[in-house]
């Protein structure tokens, strides 16, 4: 890490603190949502500088993309401005001060940034770096750990996404009692989208196939470079959001109907889970992909490919369902 | 039937009776009462079948379950428990008889519930009687509290709910707050809670801790009504009279003093306590309760409350006798459980009969009532005499042994207490007797309207036949106990001879 | 210079607490959620700061792997999961807020409490 | 151990987990419920056979993905685990079987598959936490179960369920994030995420500040999720406004699973390694536990809403569990652990009775219960017996825990006397709040206009309620199994200590 990088990191971190303070301070919730998108972009940059490319890609797609879309969707249905201020400020500040003091106190015994002799660099992690070529043989060690060594975590993660999807569908799927207080015009997609604006529409329509292509690349190239099922799913979802913006909710809904999305959301976790069960039936442990082919390394390859596909399908189905749920809530 | 089977049957019979009563109650009241009576007779016969074995020195026992190694549910019949079981089961028959008259005579509601919980209380009482260890005793002691709660609150009006709250609250407060820690403490130091001749605590605990533990037991067993944990007893007077009779004579308070005796005999050991100065306070607490409760009784106008305080004082006789830690006194303690049971149930039956026939509840209303209800008042007189300790009643016998024990122990406090309280007992019972037999019935003009308003009947005779029959039987038993107390004496002396 | 190497952790602490403050003290429910996601994002920084090794690169093997130092892949893996958890919580929280708005016509905690008291 | 038995440990999680997507896809009415119940029954059967295995001396260690710990994620089942698994899967099964009719009322047909899917995820998440031996994996499943339980609680029919869920979501997320920070700090100092490996490696760095801070964050975070007093603010409303069947399920097991994780960390990783960690118990946990018992019971005594009354009682009962644990002796620890089981039995039965009452009585304030005993005699009888178990009357499961807790406290000398006093006062306060309900139901005459005659709960609900009640009696008279498990669990937690 060069001195320049260190200073750039310090600059970005300081900027993040300022952004965070601004987020808390502003009464305008749209501004707060936008600022938190910017905050995410900055953290993505820091993650990239700190050698965590996968995380950077994800944080950018999720923090700056999906979260912002969700916030905007929710704000359209609720309120644009904060009305009330704070309560129990003194107590909150006291707790905050104590915890900050504890944390800063703790930092002085922490390994320094980039210390090659830090305990975390000496145990477990070297084993991953050393054994990945032998056992899994994919270039991206993050993918190897994510999909195989700690594949059980990722299974759980897929189900977290699935749970969120079920939750939003459950909470927002049923029509509200009585007319909503929000006018349809306030929803960010509207019924017709930007169909009357030719230039964005043409450009957008041109872009969508390329975005989808990029998503496929991210999906299947995750073994070699940053990316994987989750990131790909997010990108596909983003392209559908764009489509809805351009062509209107109705069109987007027709292209990918609700039943299909629900099927995708449910099938993805099943693909992942039953890959694990298949490993069991073939005589291995749950999620032990080595038994999927004669050559254990090939088995790992197949396994990772299939489960990444499962993750991608889940994330695509869930995120688009969530988006539709919020959008439809306002349109009614 | 083998003794072991008889023990199980003693528990299961009233339990089956409860179910039978619930079932029969759906069809007909007569059938239900028939079930109650049959069960009670069978139970008494069954309990009596154990008597010869126990008199012969056997101690039949049944082990039911082990909760944790060392903590068992088990039954064992020893002489004291035998006596208590006989009293409880025998008086249940009479009480059922009486209940039929009383409940029908007063048109009480929820009679099925009443009989069912009554039978359940008997299950608990028999469980207390036959408990082989502290844990089993505690289990059934609590069951007894809970099963009598619906009986106390039987009327369901605000007053009875409030009084029942005191009843349940105080009994659970003492049992959970004091009795339970005492039990656990005992298991902790002695490693067992099995009732053993000569006690289990000697050598495991010494000094002031003994007094403290004894205190936890004495006040924790709130059913024994040692002051100041006696307050539930007058509160429970809101219950129908058969319940009061059950509480005072058959099951609840007797279970209290019985448990205290069990603890003194089989957990501490009489000799151990006699040798421990820190246990002496129990005597004074009992003496205080005897006198204080008598003084309160002296000032009561309500007949049932008067009887309640009388019970409170009489119970402490048992404790006082036991706290002398002398064999003769222990015999007195055991005999007094029986003697008081017969006499007090008679008194309550009489009070209930008066209420059923005339709706009178206050002492001053009883002027001349002896002429209208001669049987009832004769029985009442016998019961009262037994309370005072006049021969030929059962009360005399137990007081005799008690005084002999006090004399043996050279304990002048105990002797003085007994003498003084006899005077006090006479002080509050004799006026009632005199009033009932020799005063003229009140016929003052103007009071008629007030009397009518309070529902008092002017023109009445005896209570319904089953009630009169019951109180006659118990009065007869009170006298009979004077002449035929041999089995009880034998049981009692077996306990005190069992002491080394 | 050495002090600056702990700067990441301090910023983590400060961001964490800014988020925490917003969650606990703010009355607007959306603002609370924004605070909550700040709070979670701060933790990402904590983990990712454990990853890099002096002179290392991201743990992706290219043709010439010999003799190169790689950063720790494990914090990245964990934080990928944590990010997903964060967005899932956020989506669910926002859905609940939308329902609260429909039920109470307010997204301010004090107003909702007032309405419940009636 | 046969191959099938070997896989049971992971199937405990996988069965309910994979059933969730199927349940979500099932459309016709009633089918989702049936599928969820079947999967829940299977999970319970797996828990029972795991327990049988543990009792016969097996110890299950399972390397997921075939990667040995600490590189892969390990699943492990021992006595403590199996006790918790019984509670979690049993509570789910009972609540599902009992709750069908009452959930039909609360949740429209179209959303039922989603609801039961969330239920399965909550079950799988809780089971996943319990069997996991990996600190980060615990976090992942904690989130699965938390998100799913937010859905379940938000399904409550009253609009107040929504703010209650939001509060739970915020506080639950804070708790989980605190936990995550703590795990991160420990990872920073040890380089491992596997609990057993962590326990060994943390010893060398035990005096380092990040480890101490980590202990603080993990304990506070888990205490928040476990609603340990004074961090219980989210619990009363969440339990009160959730659908009744959900309350049965979550009240019986959700907070207990968090306590379980707390125990694992405290005893496996911290105690014996961190200098002076035992002060955490005597100076911090014990006073809080005592306060929880007294204050929460006090609030329950004043509370007028039946479900909230029981919820505050849960806060107090969590105090009993923590009290046993804070005694730091084998007997105290096993008393705390067995109370996890016994309280689940008692509170589960009580909330089942509440579900019965909820079928015919609107409002569930104490005033609404007037005369309930006449209309629903079986339900109220069940409530009384379960209430006795909560109080700790002998012959019920609750008594067994009280007995063990008092025995353990008495062994502590003079401090123990004070502890015993609080336990007993707490029991007496329980008498008061249970009896307020009993008096309302039995001795107050019904309000004018309320329907006459008997209206019992649906047979299925009533049968399950009584099964739970009889469970209280059975485990009160024959507590061999939970005692054996809790003693083995306490022994294994304490074996690492010097």
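Read from first to last, the chains carry the letters A, B, C and D; within each, the first residue is number 1.
Throughout what follows, a contact is a pair of C-beta atoms (placed from the backbone, for glycine too) under 8 Å apart; a residue touches a chain by one contact, two chains touch by 3 or more.
In this text the structure is predicted, and so the values were computed from the model without any measurement.
Participant: Comparing chain centres built from Cα atoms against the global Cα centre, which chain wins on proximity?
Facilitator: Smallest offset from the overall C-alpha mean is found for D.
Participant: I'd like the Å distance between the centres of chain B and chain C, where a centre is the mean of that chain's Cα atoms.
Facilitator: The mean C-alpha positions of chain B and chain C differ by 70 Å.
Participant: Taking the mean of the C-alpha atoms as each chain's centre, how many Å separate chain B from chain D?
Facilitator: Inter-chain centre distance comes to 44 Å.
Participant: CA centre of chain C versus CA centre of chain D: separation in Å?
Facilitator: About 28 Å, centre to centre.
Participant: So, what's the distance in Å between the C-alpha centres of chain C and chain A?
Facilitator: Using C-alpha averages as centres, the distance is 12 Å.
Participant: Please output the residue numbers of chain C that touch at least 2 other chains, ranges allowed.
Facilitator: 16, 20, 50, 74-75, 78, 81, 85, 88-89, 92, 96-97, 99, 109
Participant: When you check chain A against every other chain, which residues touch at least two of them?
Facilitator: If we look for residues of chain A contacting two or more partner chains, we find 103, 107-108, 110-111, 118, 120-121, 124-125, 128, 150, 153, 156-157, 160, 163-164, 167, 171.
Participant: Could you tell me which residues belong to chain B and also touch two or more other chains?
Facilitator: Not one residue of chain B touches more than one other chain, so the list is empty.
Participant: What's the contact topology between the chains, one of line, ring, star, complete, other?
Facilitator: Shape of the chain contacts: other, as it matches none of the listed patterns.
Participant: Return all touching chain pairs.
Facilitator: A-C, A-D, B-D, C-D
Participant: Which stretch or stretches of chain B touch chain D in the complex?
Facilitator: Answer in residue numbers: 65-68, 71, 73, 135, 138-139, 142-143, 146, 153, 156, 161, 165, 168-169, 172-173, 176-177, 180-181, 184-185, 187-188.
Participant: Residue numbers of chain D touching chain C in their complex, please.
Facilitator: By the definition above, chain D touches chain C via 136, 139-140, 143, 147, 150-151, 154, 159-160, 162-163, 165-166, 169-170, 173-174, 177, 180-181, 184-185, 187-188, 193.
Participant: In their shared complex, at which residues does chain C touch chain A?
Facilitator: Result: residues 2, 4-22, 24-28, 30-31, 34-35, 37-38, 41, 44-45, 48-62, 65, 69-81, 83-92, 94-99, 101-102, 105, 107-111 of chain C touch chain A.
Participant: Using the touch definition from the top, list the residues of chain D that touch chain B in their complex.
Facilitator: By the definition above, chain D touches chain B via 388, 391-395, 400, 402-404, 406-407, 410-411, 420, 424-425, 427-428, 431-432, 435, 439, 442-443, 477-480, 483.
Participant: Looking at the complex, which residues from chain A come into contact with chain D?
Facilitator: The contact residues of chain A facing chain D are 102-103, 105-111, 118-125, 127-128, 131, 148-153, 155-157, 159-160, 162-164, 166-167, 169-171, 173-174, 262-263, 265-267, 269-270, 273-274, 276-277, 280, 284-290.
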